[in-house]
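Take a look at the structures listed below.
Look at the two complexes coming up: subunit A is in both, with subunit B in one and subunit C in the other.
The block that comes next holds the complex of A and B.
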């Protein structure tokens, strides 16, 4: 017993040290820097031209995206709930597809699909003037946010709105719409509000889409302004402004997440196992067909046409040339197949593999400590990193460790670990919560020591969650660009940074070819992990929990 | 539901199920079920887990379409393979096995829900709900949500909700399955009182033979999706159609007397210790109010019940005699 306690204390100390070094210290250094060097100039910073517009744009964007993405995600969750929907598995994969496409690639795809000289312009002579500008940015951020909202509301729906409670309402005299209004939606409310809070905060920190689609049209947000401020690093005022803005993002995130957590946390914590019911219900077949048709149309516009346009651009000889077979070429791929890009790809893969592996260990360590008070505090801090804007973390790490690690792949790795810790921790923590303690007790009374019990009866059922956590971290790290673009130096570019730089240079065919390659690099392992995780899960009883708000403990 | 579906020639039982088959994923789980419930009658559907009890109830309620057959309510066709009236229009009340209470509603609002759906004002629906909760002795729990109620309290709120529906047919889907013995007794007592008050008909599913025999006017025995016997509790207990049907309603032994080709069914209280038949005690169980002896007899193994504490031990030679028996039809012998 004493051995177990000592082990826990060693792990807790290690985890606290990492959390302080990677998250708390950088933020404290930022605060100190603004305090010491910027306090006299705060007036100048706050009145600098365009700052108010960037802050206003960011807040309006976050409100609009939340207002659109949450209803769409919730509707998709409701529509895909019935096992009777034709092609349900295909549509579920389709709804999640935008997650597998890097956000800036999705943004660029929309420009190539619906913009001037894009896919629809080539084929039908029609294009959307506003695709590069606030409306286009909002549309793509919505498409990018919908999968998260879908996941949260679908899990919330499965965990709280059992078929039996809806049947009880029907038999009590309620028609299907009344059941939706009086039973289903109220039961989904905590999940919907969680999704809204998360999407609002994540939109505040979104960078790549506004950079790719907004900057060319003069649309700035806090994150794009931080990026341009750091690019002008010779101007001390710009540097202080970047740090101030990064801290402002944290303040807004905390202001939104804390009350949401206090209000929703207790309700979300009362998770329970969903009673699955694959039984066929009577009626509603036409409605299900309509639902499938509607989802198909949404996916076609949101991801299908843009990705097709991206591939078409990558294999077409030049911009403005119709993407017909006569104009197809692999020249764009040949041009981007350089040694430098190859190194960037290998670097990206190595960084993603290293980050994912470290993160599973750290996430598992925090999850295993959560039943103690100290462990719960660290877990709260770790969960908050999910909503900590990438720009803030990158700036914090840069000014804290930049003098030693600036421009190296190591600082990018630190940033990935700091930012994705919460993402790795959640699935593992959820899986540990669902493990009946009796299983471990049974192993102990059967003669297993602490570590043997963990190895023999805990790790095996945790395997799907560990694989899922590793996979999500790997994929997120591979298409991360917000932090990488602020932290990279000569010889430490990731493939995502190469694509972003290529787009900024206006190399259309090359950018499209690189984007296709980057998406394939993500899609292939994603499918592999999906199948592995499914195979592992199918051997374990299916359970569902409501995801918690960051900080909900 | 098309207007021509209404057929006044159908006998007006509260519920009539005609030739009903139901399939899951193309595999039949109910076969050609015939069942009726008259006005004010309580029919218990007794069967083991997985026999199709809940499926039958859910088809009657309107949550599932029949593959073949029909469901009639008060002489009105409500379900056939091609058309089904939605559950909310069938005017049924149902009590669910897992209570199916709404986590976001208080007990009062839960019980007021059917009234609100009938178009009653919130005040009136709540007043009626409070009245029902008080009659069920859970008025003091009106403000609580399901998470703050015990299993027994939740099931009373579920019963109150069903009563608030003011239906003439109640469906009970194993309502006592998750209740402990004491709470189950209280619930069944409550049910009997409400039944006397409302005079409504009920279809009650259970896998507990004592419960079925004790509360029903008729009992339907369901195994593997088929109704194998339907009759009064005395009929299904005393005159089972097969050994399998007999086992559904209580402990039973099947003896083949020496020199005979037919089998006899014997309940534990149909034989007694002492008499002219020799046997050896195989096993003994003390049950509190009585003791059970499993005897090795010349005709096979026989369970005999005797009052008091055990007076014989395993391996002991005893004698026994038969008080009564029930001949099993050929082909329904020991299973």
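The block that comes next holds the complex of A and C.
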């Protein structure tokens, strides 16, 4: 047992050291930079014209997105709770589809689908005037955030559901709405509040969608303003303004997430094994059919039509000509199938695999420590890395480690690990929480060595959660663009960076072709993971855990 | 040596390939990004051990002047016949962007820039954001400095329902798609789209297309300074300039074949030295009209 304690202390020290290097140090270096180069300008920066509007837009966007995404995600989790929903497996995968598409690709696809001279305009003469503007930004950020809420609330349902109580209530005469209001929703409340807090802070830091869809309409947020300042950072004052705004965003995020985490964290932990009785009360056959139809309609509007518009753009020979068969070409794919893009794709895959593997180790390390007070503090610290805006982390890491690692793939890897650590940690933590500690003690008492006990008693039942954490980190790292676009150097461009640069250069057909390619690169492993997960589930009775989704944008 | 640039791949890659072929043993690593990302990269470098580039090839003189003010570049330029109008003692223009008008086929073609403020274009003009695109900032500078236009030109555009988009390429795309009837864009963006079949016309309105030159400069602390000087000399030479012209960009050296350009097309130039000190005020005035920032 002394060996186990020593091992735990070593792991704790290592995890604390990595968290300091990846999170605290870059932030402190940024504070020092602002203090050293711009302390006399802080007043001017914080009162500069337009900043108030950008802060207001950011906060309103976060509130609106949270208010819409949380009910939709929770409703989807409730609707897909019953195995009797027609095509339930398909819809579960479908709900996750938007998050498998890079957010900037999703934004671009929506503009092509619903904007003026877009897909619906060409086909039906109808377009949405507001798609490029605050309403469009909010809609797409909601679509992007719904899977996160869906997964968190699904975890909450799986861990806390009391189907027997719900059935008892129904037998006693309560109607379905009363059961939902008095039993199901109170049980889901901690998960819903956690999802709301996470979505709120993640929306504060969202960048790609406001940049692609909001900036052309003059809609600015703190993150687009940071990017705009960085774009003008050949002027030193603009650079200091960018860092100051990033720190402001960190402060806002910390103010929101820390109380939420302190309040909600303990309530989300449970020590009982979940009841996997899924015969929940979800209404009759007609209601389930309506649910399936509603989910299908939502997915068609949210992801189906935009992705179809993206493909149409990719196969059309020139901008402005109708996407009819006479104008179809594979020339755009031929143009983007360059050696350089191929190298970028391979580099992206290697970075994503490396990051996901390191993250599962780090996430598992933090999760294994959470039964101690020190471990729980580290877990809270790690949660902060999730909500740090990507641009903030990138600039901080660039100033802190750029001297040695600037422009290399290593600094991009560091950024991925820092940003996604909390995302890797949560699904594993959720599974460990429901892993009875007595089993490990029993193995040790029976003579198993520490590592043997971990391998046979802990890792095996945790396999689905570990695979899910790895997959989520892999997918998120593969389409990460905010940090990559600021950190890459000669020979370290990722595919997402190539796509974004192409979009900025105006090569619309080529951008669409690259985006289709990138989406396929994400969909193929996602399908692979889905089948693997199903196979694992069918072999053994699973722990009640559902992978949480990246909120990193 | 390492080159930082915002110039498109279609131009930079042939130039590097030919330079390496003519200089055995020389190897150029390139970091290519839009001006904004390039600036962020340079700013990060400057605060973490120094600029990692040996040569910077920028897309506008204001960006280069800012680098010079921070002593990141400068101190040397090669002998060349490139006109004095587009060079200083610290950097030299090697390519030019021309701000032109683009119109959707079937829409009226403006004879002068001022025509874009008339009722023929109500709600149908796209302008690039000078806070995002350096070329758009050059156009803002030119119009503001021209007494016949001034910042009032932008106010009139806005009053006429003009819409601000991000970059000149976004303007070209929007006009080609029929979202806008006309816009202000760069010739390098409009002509290739037209060639591919997009339904647009390219116009060089009076008093002229606005010329924005892209300068190249040696980094102050270049590690491979001999190779870097060789590269800059090559880019400014007749051979390098011919390659730039053949790749679709407009070379700075007179007499070199260029891409599409109407015979005796009118061209005007902003006063860059004045614009350096005016740009913050101009941007603020502009943003009061079109928002952003």
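Following the convention adopted for this analysis, the second predicted complex is superposed on the first by the 508 of 553 C-alpha atoms of A that agree within 3 Å, B and C clash if a C-alpha of one lies under 4 Å from a C-alpha of the other, contacts with A are read in each partner's own complex, and residues count from 1 in each chain.
In this section, a residue touches a chain if its C-beta (ideal position, glycine included) is under 8 Å from a C-beta of that chain, and two chains touch if they have at least 3 such contacts.
The structure displayed is predicted, hence computed values, not measured ones.
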Return first, second, both or neither, reflecting whether A:186 touches subunit B, subunit C, both chains, or no partner chain. first
Taking the superposition on A as described, I'd like to know which of subunit B and subunit C A:494 touches: first, second, both or neither. neither
Between subunit B and subunit C, more residues of subunit A are touched by C
Just to be sure I read the superposition right, which of the two partners does A:511 touch: subunit B = first, subunit C = second, or both, or neither? neither
Tell me the contact category for A:228 with respect to subunit B and subunit C: first, second, both or neither. second
Tell me the contact category for A:164 with respect to subunit B and subunit C: first, second, both or neither. first
Tell me which partner A:174 touches in the superposition: subunit B (first), subunit C (second), both or neither. first
Shared subunit A contacts, counted only where both subunit B and subunit C touch the same residue: none
For the complex, give me every residue of subunit C touching subunit A. 2, 8-9, 29-37, 39-45, 47-49, 52, 62-63, 66-67, 70, 104, 129, 131-132, 163-170, 172-173, 175-179, 189, 193, 196-200, 284, 287, 290-293
As the complex stands, subunit A meets subunit B at residues 160, 162, 164-165, 167-176, 178, 182-183, 186-187, 189, 270, 275, 279-283
For subunit B, which residues count as touching subunit A in their complex? 24, 58, 61-65, 79, 84, 86-88, 90, 92-94, 96, 98, 100-104, 113-114, 117-118, 147, 158, 161, 164-165, 171
Under the definition above, what is the set of subunit A residues touching subunit C in their complex? 33, 49-50, 115-118, 215-216, 218, 220, 225, 227-228, 230-236, 239, 242, 317-321, 327, 340, 395, 398-404, 406-407, 485-486, 488-491, 501, 504-508
